[in-house]
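Quick one: this structure, given as C-alpha cells, is what I'll be asking you about.
Labels for the chains are A, B and C, by order of writing; each one numbers its residues from 1.
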Amino acid sequence: MNKESMTRELVLPGDLLDAGTMKPGEGTYVHDGKIFAAMLGIKSVKSNFVNVIPLGGRYIPAPGDMIIGKVIDIGPSNWLVDIYSPYPAPLHVNEVPWRVEFGDTARYLAVGDTLLAKVLSVDETKRVQVTMKEQGLRKLQGGQIVEISHSKVPRVIGKNGSMIQMIKTYTNCRIFIGQNGRIWMDGNMEDMVHAMQAIKMIDEGAQTLKLTERVKEFLESVYRKEE
Amino acid sequence: MARSVVSEIKRDHIHRLIADGRRVDGRAWDQYREIMVQTNVVETAEGSARVKIGNTEVIVGLKMTVGEPFPDTPNRGVLSTNAELIPMASPSFESGPPDENSIELARVVDRGIRESQMIDLERLCVEPGKKVWINFLDIYVLDFDGNLFDACNLGAVAAIKSATVPAKANGLGEDFPMPVTCTPVAVTSVQIENSILVDPTLDEEKVAADRLTVTTDDNGDLRAMQKGLSGALTLEQVRTAIDTSRRLGAEIRKLIG
Amino acid sequence: MGGNSDMKLIDENGIRIDGRKVDELRPIKIEAGVLKSADGSAYVEIGKNKVLAAVYGPRECHPRHMQNPAKAIVQCKYNMISFSVSDRKRPGPDRRSVEISKLISEAMEYVVFTENYPRTSIDVYIEVLQANAGTRCAGLTAAAVALADAGIPMKDIVPAVAVGKVNDQVVLDLNKEEDNYGQADLPIAMIPRTGEVLLMQMDGHLTQAEFDQALEMGVKACHEIYEMQKDALRRRYAVVSGEGEEETKGLVHAMTEEA
C-alpha cells in the first residue's frame, strides 16, 4: 500500500475526486468526464480506481454475503427474515438443513429467532433470497446480538482479522460477524460486556487514528484489573 | 414490522442480565440516565424547554392566549395538553393524528400538572366568566429511546416554569411570570422478571411486562399514577416503584429548581 | 408579501433593521448528526429560524402501492411545530406545508441516486422549531445535510436561500419583518457547482432587472451556505489520517465460518 492511499481523506457528496487519470469505482459518479464522490465516506485509490468507502448507510445485500438475520414472519413454505437492510429476505423451506412439511414451518424457526445465513440471490429489483443450506449456517441461541453499521464491519474485523482476534483472545467470547452489521457473541456475562464495549468503541471511532491501540488499551485495562 | 419483532436473543440477554443484577447500559436498577434541561429555547413560545434523558429527547412549548373559561370553572384559566409522536423521533412512529399512545402520554402529563395544581389557574383569570388565560402545552418527541412519560413531564414542567404571561401584548397590563405553586415530577419504572427498573431504555421497554409512572409533588406526596402494559404488579412491586419515584423525584426536582 | 413599501426597512446608509447590508446573510449555524434514532440528521439556525431534519432509509416503502420497482422514492415532510410561530398553529399538515413538502421532495429526488435502492422509501422529516421567514430554505438546507449524514448516495449537497425586495431594493435572506412588509420573495435551492436550480418560487413583484440582480445575489449566497453545510459534515466526521486498517470483504467469510 503506498503512502497516498493510507491517508484517510473524508469526502462529501459532490467532491471532485479525479479529473481524468483514474477510473470511477464504488461510491462515485462521472460528470463531464470528471469523477465525483457520490456519498460521504473515505476516499480510497486501488489499482487506478478511485472509490468512496462509506461511513454509514444501510446494508444492501449481495450474493454470497454471510449475514445474521431475524425471523419476522412465517408462511406455510417460507420464513421472512429481516437482514438489517431495506429489503426483507424470504427463506424457503428448500433452503434449510431440515426436511420441513408444508405448513410445518413454525416448528423449526419461530418469529424472533436469530439465524446465521447466506445471501443466495439478489435480482435487479433487489428481491433477495437467503439460504441456510451450507455448513456452519444455523439458528443462533443464547449469547447476545449487537447491531452496528455494515460499513464498520471491516474495521471490527481489522487487518487480516487482527482486531476481532484480539477481542476474542482477551474476552474468550465466541463471535460471529454478519456482513450486514449484526454481530453475535457468546461467553461469560462479564466478558460479553467487555467485548460489546470494545465493538461499540470501534463503531463510534471507526474513522479515527490508532483505533487498534485504543481498543487494546481498553481491553488491557479491564483484564489487568480483574486478575 | 421488522423493528417491532423483538429478537429472542436480545430478550433472553436482558433477562439474564437482570437475573444477574445488571442492566444493558451498566446502570443500577434505581439509577437514572443523565438528564439535560434547557429552557427558553423557542422565542415564539411563552415558555419552552428541551429535555434529554439519555438518548430520549423532547421539546415542549407553552402558548398562551386570552379566551373564554369553561362554564363550570368561570374563574380559572384553561390548560390543554397535547403530545405529538412525530416520525422524526423513531422508525416506529407514523405521521397522522395522535394515536392512543400519544393521547395516553398527554393525559398522564396533564394529570400530574393539573392534580398537583402546579399552575395557579385562579391567578390566570382575567374577568370571571368571560376572560381567562388559555394555556396550550404542546409536547413534541424528537428522539425516542424509552421513558417518554418522564421526559415529557419534565419538559412540560420546565416549559411552564420558564413561561412569562404575555399580558402586555394582549393589552392586560404588565407581563408577569407564570404563577407556579410546585414542581410535579414523574418517575417511571418497569417490571422485568420481577425486578423493578427505573427510567427504562427502549430495549428495556420492549421486553417489560409492566410500567408504572408515579408523579410526586414537592412534599413527596403522590399526585398522579399510571400503570401501563399488559402484565401485573405485586403490591410489593408497587411500593418499591413508589419509593424510587419519591426519592428520585426529589433529586430531579432540584435540577429544575 | 404585504407590499406595504411605506414601512421603512432599509435606512439611508443601506442598513436593514437587523443591522445587515442588503447582500448579507443572517448568522448561520449548522450541525450534523444531532439525533440518535434517525439514520441521519441535522440542525440548522438561520437568524432566528431553528430547524431540525431527520432521515430514515432507504427502508421498506409503505404503503406498498407507492413502491417503484426501478428506484427509491424520496418523501420529505415539512412541518411547523405548534409553538414555532406567534399564533399557535394547530398540529398537523396544512395546505402550505403539503406544497412545501412536495417541492422539497422533488428537489431532493433530483440529487439522490434513487436507482440504487428500488422499491424503497427515503423519508426526510423537517420540523421547524422556531420560524422567522425563510423556513423552507432552512429546512431544505438541513435536509440535504441530513441526507449526506445518513450515507445516502447523492450527486451533491444542496443549499437554499431566499432573496426578496424591500423598499424597492433587492435584499438577501429576508427576515420576518421584511417578509411581512416586503414586495417580493424568491426562494432558491441549487447545486452551486453546476448551477442547477432545484427549487424556485416567487411571489410579489420583480422587474426582469431586479430578478437578475436577485438571482446573482442568491447564487453567491448559496455558495456560502454550501461551504457551511460541508463544514458541518466535516466536523461531524472529523477524520485524521489513519493507519490504513482497511479490510477486504472476503475475510468476513473466514471469520463467520470459523468457530
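As a working rule, a contact is a pair of C-beta atoms (placed from the backbone, for glycine too) under 8 Å apart; a residue touches a chain by one contact, two chains touch by 3 or more.
This structure is a prediction, so every number in the text was calculated from the model and none was measured.
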Reported most central chain by Cα centroids is C
More contacting C-beta pairs: B-C or A-B? The answer is B-C
Averaging C-alpha coordinates per chain, one finds the centres of chain B and chain C separated by a number of Å equal to 32
Dist(centroid_CA(chain A), centroid_CA(chain B)) in Å evaluates to 38
Flagged in chain B as touching 2+ other chains are 2
Residues of chain C that touch two or more other chains sit at 59-60
Within chain A, the set of residues that touch 2 or more other chains is 88
Counting only contacts in the complex, chain C reaches chain B at residues 35-38, 48, 50, 52, 54, 56, 59-60, 77, 79, 81-88, 91-92, 123, 125, 127, 129-131
As the complex stands, chain A meets chain B at residues 70-73, 82, 88, 110-114, 140-145, 184, 189, 193
Residue set of chain B touching chain C in the complex reads 2, 41-45, 48, 55, 57, 59, 61-63, 65, 82, 84, 86-91, 95, 97, 136, 138, 140, 142-145
Note: in the complex, chain C contacts chain A through residues 39-40, 57-60, 69-70, 111, 113, 116-120, 148-157, 191, 193-194, 230, 233-234, 237, 239-249, 251-257, 259
Within their complex, chain A touches chain C through residues 1, 5-10, 12-14, 27, 29, 31, 36, 38-42, 44, 53-58, 60, 65-66, 86-88, 116, 124-126, 135-136, 149, 151, 153-155, 157-161, 163-164, 174-179, 207-212
